[in-house]
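Given below, in the form of structure tokens, are the structures.
Next come two complexes, and both contain chain A; in the first it sits with chain B, in the second with chain C.
Then we have the complex of A and B:
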């Protein structure tokens, strides 16, 4: 098999863009796990809600990309707030099993309510950038991909600064590292958990808004994403945020390469083959586990 | 002498299990009280009940004239109750600097620097380990850090759970000296200690717990010489020569 360098580069760039979007989901999942010790299986649905919000906001905003994206992010943060105050606030840190069933149930409910309201027909989303793109030599990338990737990178930079340098973000790391010590210094776990869920929902909203002009929007688009994101969080070392980002970009690349060079069917299986292999070789994931390390 | 803390028939525990039962006592302002008892006697449970991190069943906790038994921990902290739980209660993947900043969590921004400068004055060691992750400090250093994190808020009642656990005898001495210094500034201290002898030597009063109930209470010097206490907690012979 001869590999065309331009084709490979194209796949690589696409893979990085895809990986950054996976990373947004995985990081939010990791954040919620760190603070609440639960896995939010309705996380993919937050992305779907963000994509739908983008889909409805764009025509209203005259196809302007940025205001529509801001609307989508605020809408999912609001959804995150409602999910937290309605359901998650009732979970105690040791109720992992209950959290799985509740968030999994919630995910299925959201999917079907969305299907009832907006039908399962896939929607195409058009923005001010349309299908325009940037051409570098023989490679062409649409602006929506470039912007999506750039927004994701900016979000990670912002998240890093918040977690590293603000009391707001530091409190999230504090709870992840030692719950008793967090109480000792007067942190209110529920307030911090709520903030973490809203922040994670915002990242999903960003991902959903960025993805909607790239792929079709349906109520099911988040369904399998959660399992991938969960796998990424485990591969990256549970609670390790940079680990999850690296694993996510790695996955984006692997998927893109496999999709480009092999039968497309292998693409979806690849992440789980890798996950199982990693779990056998390094049971705690590729990177140091826990503590919600940011650097 | 004014009363810092009044416990009236406190029953507390975890889940559906009361561990401490009908415990009553009074702590005077600025005194050091040692809480003695065997494993599982309920010493830590009592401290947690005073701070509010476990299940409270019945009774009254009166702090500076106010009933606090139904308040969450952060509200008690705001009123001046500081609690350093047992063993490595810090943020291990954060630097000393970040741990101290976390200790300032309930303070407004402008008060962080003076508060941190003040505890560094008390514990200059923290300055030398400024960028070290707390998890990489020695056991004694971690204990000092944890006390510093709570002292940032200038509590008027300090609850210490096994501050000398796992420390070398010299470090234990340092911790006791520090506790004495803190009490000398008017802070009321209630300390649970496995080093009963060392703790009694710096204490004004002693409380003895057995199976969740108060077994004995009195001036530290009296409790130290009580034959039952010497037999059970002080290992008889060694203590006779010291006493």
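Then we have the complex of A and C:
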């Protein structure tokens, strides 16, 4: 089989765009895990809510992409706030299994309420960019993908700056590194955890809004993505944010290449095979966790 | 006393087809028996050993497909199929259990979840073996010694015998020294190590036995439905098993059995809309985690202890 360079480059670019969207989800999971030591099962549903918000906001705003995306992000942040104050705040640290079961219940409720209200029919989302694309030589990428990738990169840069240089972000890292010491210097875990959940929800909303013009929007879309994001968080090392980003972009590339050259079934299985292989070699993930690192 | 009650309960259940002639009620009874077995297996893994495993769903599906394919594709019979399903699952559980049990408990949960998802994807995508989304319809009823378990009431007894045998086995296991070791591993693993017991073989054995029993239960259930498709791996089943274990009380053997029988009737009673049913399941799960995290059995135990304290004062 000869490999066509243009085709390969096209797959690579698509893979990077896909990987960046995975990374948005995985980073949020990693952030919540780092601060609260819990796994948010309902994270995919936040993404789904973001996509639905985009889907409803776009026609109202005359198909303008950016205001609709901002609406979606604000909507999911609100949802994150409600979830934290309603449920997660009652969890004590080290109640991992309980957190999973509670957020699992929440995810069942959200999915089926959405399905009850809006039916399971997949929705197409049209934006001001439609299916227009940018062409570089023989390669063509749709604008929605380019913008999704650019928004993800901007979000990561913003997240890096926030975690590194603001009191808000430093408090999160402090809690993740040493909870007791952070308490001693007067950081309130409750407030920090709430901020982390809202921030992660916002990232998820961004991912949902960016995905909605690329994929069909259904109440189940979050579930497919969240399972992959879970595996990515494991591969990258639980609570390790750069690890999750690297693993996510890597997976996007691998999936895109496999999808381009092999049977489509292997594309979905890749993530699991990689995860088992990584766990065999390094039980703590590729990048071992040493507190919540940002750089 | 408890054993006597259980024996009476089992005999009462055996009499169900004699009491009613409604195939619908007997069908619900079959589901109740099989779900209870699967929940008891999950209880062994989660309630006793403390491993929250979502892989049970994958084993359930593999068991269903293995039994069906033994009969439909490879020309074996139902009984062999159930045995193959159990053996295949036990072997698979050992292979994937070893790497994922070495990780911490967070990674374990997520890896088992991903495994369940992968099994569902394979069931959908390996079309040459599983016929993909079309599924395999018209699964024949089993036969033994020239007698075909053709009707629903006669198949009910197959399911009954299967569940009584496996629940009896699980009870013997859980109340033995092995069962106590598993509880000790759940409660304090460093202490178990300090006593000179290596936790890994116990965890692996518990995971593999749970997988084998779940797989066999899946096989029997596929022959109850008489059709298998990727919907057999719907997350709904996992949620049902989990809710049974949590409401019954993780780590309480008879609590989970009682909850299994009671809650399997619930989805049938709530059959107004599939979505609505799932919403209620979700609400029950969240509420149970806050109101009685140790289940009904744990709640009763706390009441009993409180009463004893009061009597002492």
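Heads up, the rule we're going with is that the second predicted complex is superposed on the first by the 294 of 295 C-alpha atoms of A that agree within 3 Å, B and C clash if a C-alpha of one lies under 4 Å from a C-alpha of the other, contacts with A are read in each partner's own complex, and residues count from 1 in each chain.
Everything that follows uses one rule, which is that a residue touches a chain if its C-beta (ideal position, glycine included) is under 8 Å from a C-beta of that chain, and two chains touch if they have at least 3 such contacts.
The structure displayed is predicted, hence computed values, not measured ones.
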Answer with first, second, both or neither: which of chain B and chain C does A:109 touch in the superposed model?
second
Which partner chains sit in contact with A:101 here, chain B, chain C, both or neither? Use first/second/both/neither.
second
Considering only touches as defined above, state whether A:160 meets chain B (first), chain C (second), both or neither.
neither
Report the partner of chain A that touches more of its residues: chain B or chain C.
C
Please indicate which partner A:129 is in contact with in the superposed arrangement: first for chain B, second for chain C, both, or neither.
neither
Classify the contacts of A:186 with the two partner chains as first (chain B alone), second (chain C alone), both, or neither.
first
Quick one: is A:143 in contact with chain B, with chain C, with both, or with neither? Answer first, second, both or neither.
neither
After the superposition on A, what does A:174 contact: first (chain B), second (chain C), both or neither?
first
Doubly contacted residues of chain A, that is, touched by chain B and again by chain C
none
Provide the residue numbers of chain A that touch chain C in the complex, in ascending order.
33, 37, 39, 87, 90, 96-98, 100-102, 104-109, 111-113, 115-116, 223, 227, 230-231, 233-234, 238, 264-265, 268-269, 271-272, 275-276, 279-280, 283-285
Contacting residues of chain C [partner chain A, same complex]:
46, 52, 96, 99-100, 102-107, 109-111, 113-115, 117-118, 121-122, 125-126, 235, 239, 242, 246, 273, 275-276, 278-279, 281-286, 289-290, 293
What residues on chain B touch chain A, complex-wise?
51, 53, 72-74, 77-78, 83-85, 88-94, 98, 101-106, 146, 149-150, 153
In their complex, what parts of chain A are in touch with chain B?
167, 170-171, 173-174, 177-178, 180-181, 183-188, 290-293
